[in-house]
Structures are given as structure tokens and as C-alpha cells.
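Order of writing sets the labels: A, B, C and D. Residues in every chain begin at 1.
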Amino acid sequence: METQLPDRPSGAAPVVHLRGAVALLGRFPALAGVDLDVDRRRTILLRGPNGAGKTTLLRTLAGLVPVTDGEAVVLGVDLRRDRRAVRHRVGLLAHATGLYDDLTVTDNVRFWARAAKARPEDVEAAMARLGLDGRLAHVAVGRLSAGQRRRTSLACLVARRPELWLLDEPHAGLDQDGRDVVDRLVRDATAAGATVVLSSHELDRSLELADEVVTIAGGVAHREPVPGPSGRGAPGAGAEP
Amino acid sequence: MIRDALVVAGKDLRLEARSRVALNQVLPFALLVLVLFAFALDPDRGVLEEATPGLYWVAVLFSGLLALQRSFAVEAADGNRDALRLSGLDPAGIYLGKVLAVGAQLLLLEALLGVGVAVLYTTELDGWPLLLATVVVATAGIATAGTLYGVVAAGLRVRETLLPLLLLPVLAPVLIGSTRAFEAALGGTPSEGWPWVGLMGVFALLYVVAGVLGFGPLLEEA
Amino acid sequence: MTTQIASTDEGRPSASAPEAPTSTGSRTTRVLGLATLVGFALLVLFSFVLSPADDNQGDAVRIMYIHVPSATLAYTGCFLTTLGSILYLWKRSQWWELVAYASAEIAALFTAVTLATGMLWGRPTWGVYWVWDARLTTTAMLELLLLGYLAVRRLPAEYSVRAKRAAVIGLLLVPNVIIVRQSVQWWRTLHQKPTLFSDGLDSNIEGLMLFSLFLGFVVLGLFFVWLLIHRFRVAWLEEQIADTGLDAAIAERRAEAGGVDAAGRATGPSAPGAPTLATGEAQP
Amino acid sequence: MTGTWPYVIAAWLIVLGAFLGYAVVTILRGRSLSRQVPPERRRWS
């Protein structure tokens, strides 16, 4: 059923290396033997129906969900041995924002950045990048719209400067401008040497970003060729249909 | 660890400064309890004066429970546990930070309740060194044990009912000790009170150690 | 000791037990159970017929033959719970975690029995059901602490989550009891005379009374072990039900891909067929 | 001292009843659970 992947050609160790990785949510095998390799500076798009295991895969890569079987190495850290060691090096944008409703946008970004020992100037830069440096900076997060909250958690992520970006539906709930910001962030991140794994249902947009598409279904990954001539090779060819 | 504790405590206190839940809700509740005791125990028969130390600490315990619930309600938001685990903060630091923030709020609460008792029950405060020492160790005990049991209950749908069941029996020695120590201080026999301060100190120490060691695994669950 | 209560297949030659039992009983428990039954019959005989009434307490002393052993075993169970919790957190031993859980439940039963018998002893002896005696109060607090542990252990969650939460609380059980006991003792002795129990039993106990008490310890001890084994096996079975069928679940999970995958491909732009593609090949 | 006998009897009845009840419940639970677990996982030795 699952595809046998050829062994990697020799070279730099991949950022993500999964072989037959199984992750359980309670008794349910959300990941039922995933094989996945991601090289540095690449952008991988995960697609698949709801409940296929995309979110669990991202949470597993972040070191949140334990891997119970198979191999799993992320950023050189063996997740089966010590999954905590990888956490401060990745940035996960999840559905839930994890922000404190009663604190302002600045308070939130500053707290999470300070927790990750980020530099203060990175906090300012990240907020400016997401368009949060104006009026919004001093508004309590509980009073923001869903899109604005998403921008706030993206700012927390940017300020941390993660080596591996894990974006769960980053375009969801954002306006046109916000989506453009996300796309630029992804491109800048890979240009700066980071690696991105994102899941999305907005294929038009994310296919342009992705170097590679991986379909997740039934807790197993299948690699696919990138459809069309787009991808990293032709960044300018992303004309909207 | 200390740095992380200060970051977390700063966040919690800032959160309180912005939302003022402890100030606007917990504190009035504590004063209300004092008034209710006066209704229940006739102030004219002297019962109230005799029972003042006990009533004071029961009021502290119940309102402290509310403060603890609040301290973990803010962390119960969707995805917050994940965010904390990913944050790079030392779990022991998170624990100590929350203990510090809860402890600071409790101290404020106790100070104002003390004024309330002095005014409403016309208690003459005496034996200051013992009173202050008792307040410090009792607060440390409530905050350290409460934060540890708070994280066990946090994130559960039943946390409002579970936390009192877990915490109040555990805090029984603190209630007994702080009440006896206050009685000793107010009664002019402070030497009887100091062993209790020691006992509560041991209690707080036990829970600091348990919390520093146990908070990480407890945060890790799920 | 590990194989005594539950073992995996290689625990002992299965020739002695060719068929898996359909209950939590085994030869050991049947022997223990029989001994317990006989023991209880003897204990009743000794407590009610053979042993005399006490000079001070009168017939109420007959309650003591079960009250004192229950109390001892309640504290033993509480100690076992803490021990099991420590060993679970330290060695990740599920066996010890289940021992901790089983003994906490049994300790709760014995504590309840201790409290009930203590009150029924107190009424004729002291004239009241309850006094704020150090031992009584500590035992009552122990019951509450045990109920807290059990409440946490029984919350629906994944095994490792439940076990970890409960183990942290179980670990603190004995320290808590010690501190509670210390505080209650100081509390009661600062203002009034020492515990009332001390003049009750130890003063002039001899002969048949001492033997009856000793028999009580033996019989209740046997019963405790018998219950512990059964309760452990029940807990074991509960976790086995939760555990079974992981392979089946994975196969089922993968089979989801069949239907969904086809649907995904129908809308997807890529051609069906072997989706094999080495990472390097896509590189421009 | 005949007044103490009701208390003694009550105490014993409560104890024996509680023990018996708990033992029966435990055994019955074990039986019903045994049926749901594959035999190789419930071999006590």
C-alpha cells in the first residue's frame, strides 16, 4: 500500500527524516507509518482530506506528539529519544493560537519571544512585518478578529527565527494582504536557510510556494510530482488563474 | 530557570494588571466571606473574636482557591499547553513563575483581608514577627501545592470541581498551622507558634521540590 | 514477584495452564481465598465466643479485632501506592503503577472500614461517634487524599496521561499523611491530653484477646493480598482492552487511504500511478 | 454492658458486608473483562 522510497543520495543530512513513523492519538494511529524526507531550504506542501493526519504530522515534527514506532529524526534530533530538544528550534503555527486573551498584542509577542530568548529588535521587526505595529499593538488579543490573531501568532513565530517552520493552514482566515505576507515570509525563511513544511487546502496559492507536494491519506504519506511548471524554479510564473 | 520563572511571573502579573480579575472579583469575594462569617456567628457573643484566626485563614484558603483557578484558567486556552511546551521555557521555571505570581497575589489578598479582620472583627493585631512569618510560609505552602495540583487539574473539563477535592485535604496542615500560629501571636504566646512556622516551611519546601521535578512530566501529558 | 500476579506468555510454561482463565482467579488466589474464608470464620469465633470482654471497654473490644488490623492495612496500602508511584515515575514500570492503583482502591476500602468501626467503637466507649482525636482525624484525611488520587486516576484519558498524573499525586500521598499527622497531633496535644486510644487497648491485653487481635492481623492481611491480586488483574485487563488491536488499528487507518486517495487523485492534477519520486529529482 | 452489643454487631456486619461486596464486584468485573481480552494476554501464573 505505501510507497517504497529509494534511499537518499548521500549529502547533507535531511532536516526531516521519517521512516515508518507511527504516532498515536489515544489509541488511534493518526500516523500509520509515514515516510518523509525534507532537505534544508525546501518548502513541502502537505495535502489531503480532513482527518488524514496532516496536523498530527506537523505536531509530531514539532516534538509534541510522541513517535511510538519507526524512525524519526528532525534537525538531527532523534524524536524517539528526546523530542523536547527539537522544540525550541521549530516554529509551529497551529489552529489554536495559544495567545492570552487579556494581554495586548505587544505583550503576547514579547512574552513568547522572551520565552524563546529572542532579541528585542526581532520582536519589533516581526510585529512590523505582520502589520501589527500601529493601532493594533496595544489592543487586547481577545478583541481581535480571527485574522488579526493569526497575524499575532505569526509574529510570535517570526520573532523566534525557527530553523524549521511548521505551518498548519497558514492562509486560513487571512485577507489577501495577509496571505501575501505569509507567502513572503515563507520565501524569505527558505532564502535565509530555514525549511518549511506547510499544510493547506488553498492549492492555488500553496502550490506556487512548494518545491514538493506530499499527499497524506490514512495516516500515510505519498510523494507526488509538483504539478505544472511552477515551484521554486519559476517564482514569477505564479499568475492567478 | 530563575530567568524563566521571572518571565512567566511577569506575564501572569501583567495579565492580572490588565484584566484585574483578582482585584475586582477575588478580593471582594474574600471580604464577603468575612461578612458572611459575622452573619453566621453572632458577633455579640464573642464567638467571632475567638474564631478570628480560623475564619481569616478559611477566607484566605477559599479566595486563594479562586486565584489558583484563575491562574490556570488563563493557561487553559486552546493550544496554550502546546505553546508552553514549544516555548523553550524550562518547566521548572514555569512552575516557579506561576508560584511567584500566585504568591504575590495571595500576599496582597492576605494584607487586605488582615485590614478587613482588624476593622470588621475589631481584632487587635499583635506579635508582628510571628504574624508575618506565618503569612509568608503559609502563602508559600498554598502557592506551591496549589500550583502543582493546579496543573494536574488544568485542561480538564472537571477542573473546577477536581482542584478543591485534591487541594483542600492537602492544605489541611497549612490551615491548622497558620491558625494555631495566629492564635499564639494574638494570644501573646508566640513561642507556641514558631513550631508551626517550621512545619509549614517543611511543607512548602516539599512542594517546591515536587513541583520543580513533577511539573515537566505533567505539562508533557497528552 | 512480578510473575506472581500477572505474567506474559513466557512467564511460566503454559503446560500447567493450557487454557487461559476466564476470571481473575488462579491457583494462588483460590488457596488464598479459601484460607481467608476459613480465617474469617475462626476470627468470628474467637472474637465473639472464645475471647472475654475487656475490663475497661467491655464487649466493645470485639470491634478492635477488625478495627486495628484494618487501620494497619489501610496505611500499608497507602504506602504501597506511594511506592508504586515512585517506581512508575522512576522505572516506567506499568506493573508497579497498577499495584499503586489497586492498593489505593483497597486502602480506601480499609480506611472506610476503619472509620466506620472506629465510630461504632467510640459510641459505646466514649459516648460519642466522633472525637477530634489525632488518629481519627488523620485517618479521615487519608481517606480524602485517597479519594482524590482515585478521582484523578479514573479520569478518562490515555493510559500514560492518567498514570502520570495519578503517580505524581500518589507519590505525595505518604508525605502528605505524615505532615497531616504531625500537624493534627500537635494541634490536639497542645490543648488537651494525648490520644484516647492509648488507654484503651495496650494496657491489659493478654491471652486470648492478644491472640484474637493477632488472628485479625493474619486474616485481614490474607484478605488484603487476595484482593490486591484480583484488583491488580482487573486493572491489568482494563488496560489490555485499551491496548489490544494496535496492529489492526494501523491497518484500518491505512485502508482509509484507499478510498480517500482515489478521490483525492480524481480532483488532483497529477496522474495516477506509482507516486514514487526521490527528493533529489524534483530539484531544479 | 448489654448496650454495647448492637454496636459490636453493627460494626462486624458493616465490615463483612463491605468486604464481601467489594470482593464480589471485583470478581465479577474480572470475569466480564476476561471475556473481552484475548487469551494470550490473561494467563496468570
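Operating definition for what follows: a contact is a pair of C-beta atoms (placed from the backbone, for glycine too) under 8 Å apart; a residue touches a chain by one contact, two chains touch by 3 or more.
As the structure is a prediction and not an experimental result, all values here were calculated from the model.
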Taking CA centroids for every chain, report which one is farthest away from chain D.
A
C-D or A-C: which has the larger count of contacting C-beta pairs?
C-D
What is the distance, in whole Å, between the centres of chain C and chain D, each centre taken as the mean of its C-alpha atoms?
14
Which whole number of Å gives the spacing of the CA centres of chain A and chain C?
45
Taking each chain's centre as its mean C-alpha position, how far apart are chain B and chain C in Å?
31
Averaging over Cα atoms per chain, report the distance between chain A and chain D in Å.
55
Using the touch rule from the top of the page, what residues of chain C touch 2 or more other chains?
158
All chain pairs satisfying the touch rule are A-B, A-C, B-C, C-D
Hey, which residues of chain A end up touching chain C in the complex?
1-6, 8-9, 14, 22, 24, 26-30, 32-33, 37-39, 47-49, 52, 211-213, 215, 217-220, 222-228, 231-233
Per the touch rule above, chain A residues touching chain B in the complex are 59, 62-64, 84, 87-88, 90, 92, 94-104, 107, 111-112, 114-117, 140
In the complex, the residues of chain B that touch chain A are 4, 7-8, 11, 14-15, 18-19, 74, 77-80, 82-89
Spell out the part of chain B that touches chain C in their complex, as residue ranges.
148-149, 152, 156, 158, 162, 165-166, 169-170, 172-173, 176-177, 180, 192, 195-196, 199, 202-203, 206, 210, 214, 217-218, 220-222
Chain C residues within the chain A interface of the complex
158, 242-243, 246, 249-251, 253-258, 260-261, 263-264, 268-270, 274-280, 282-284
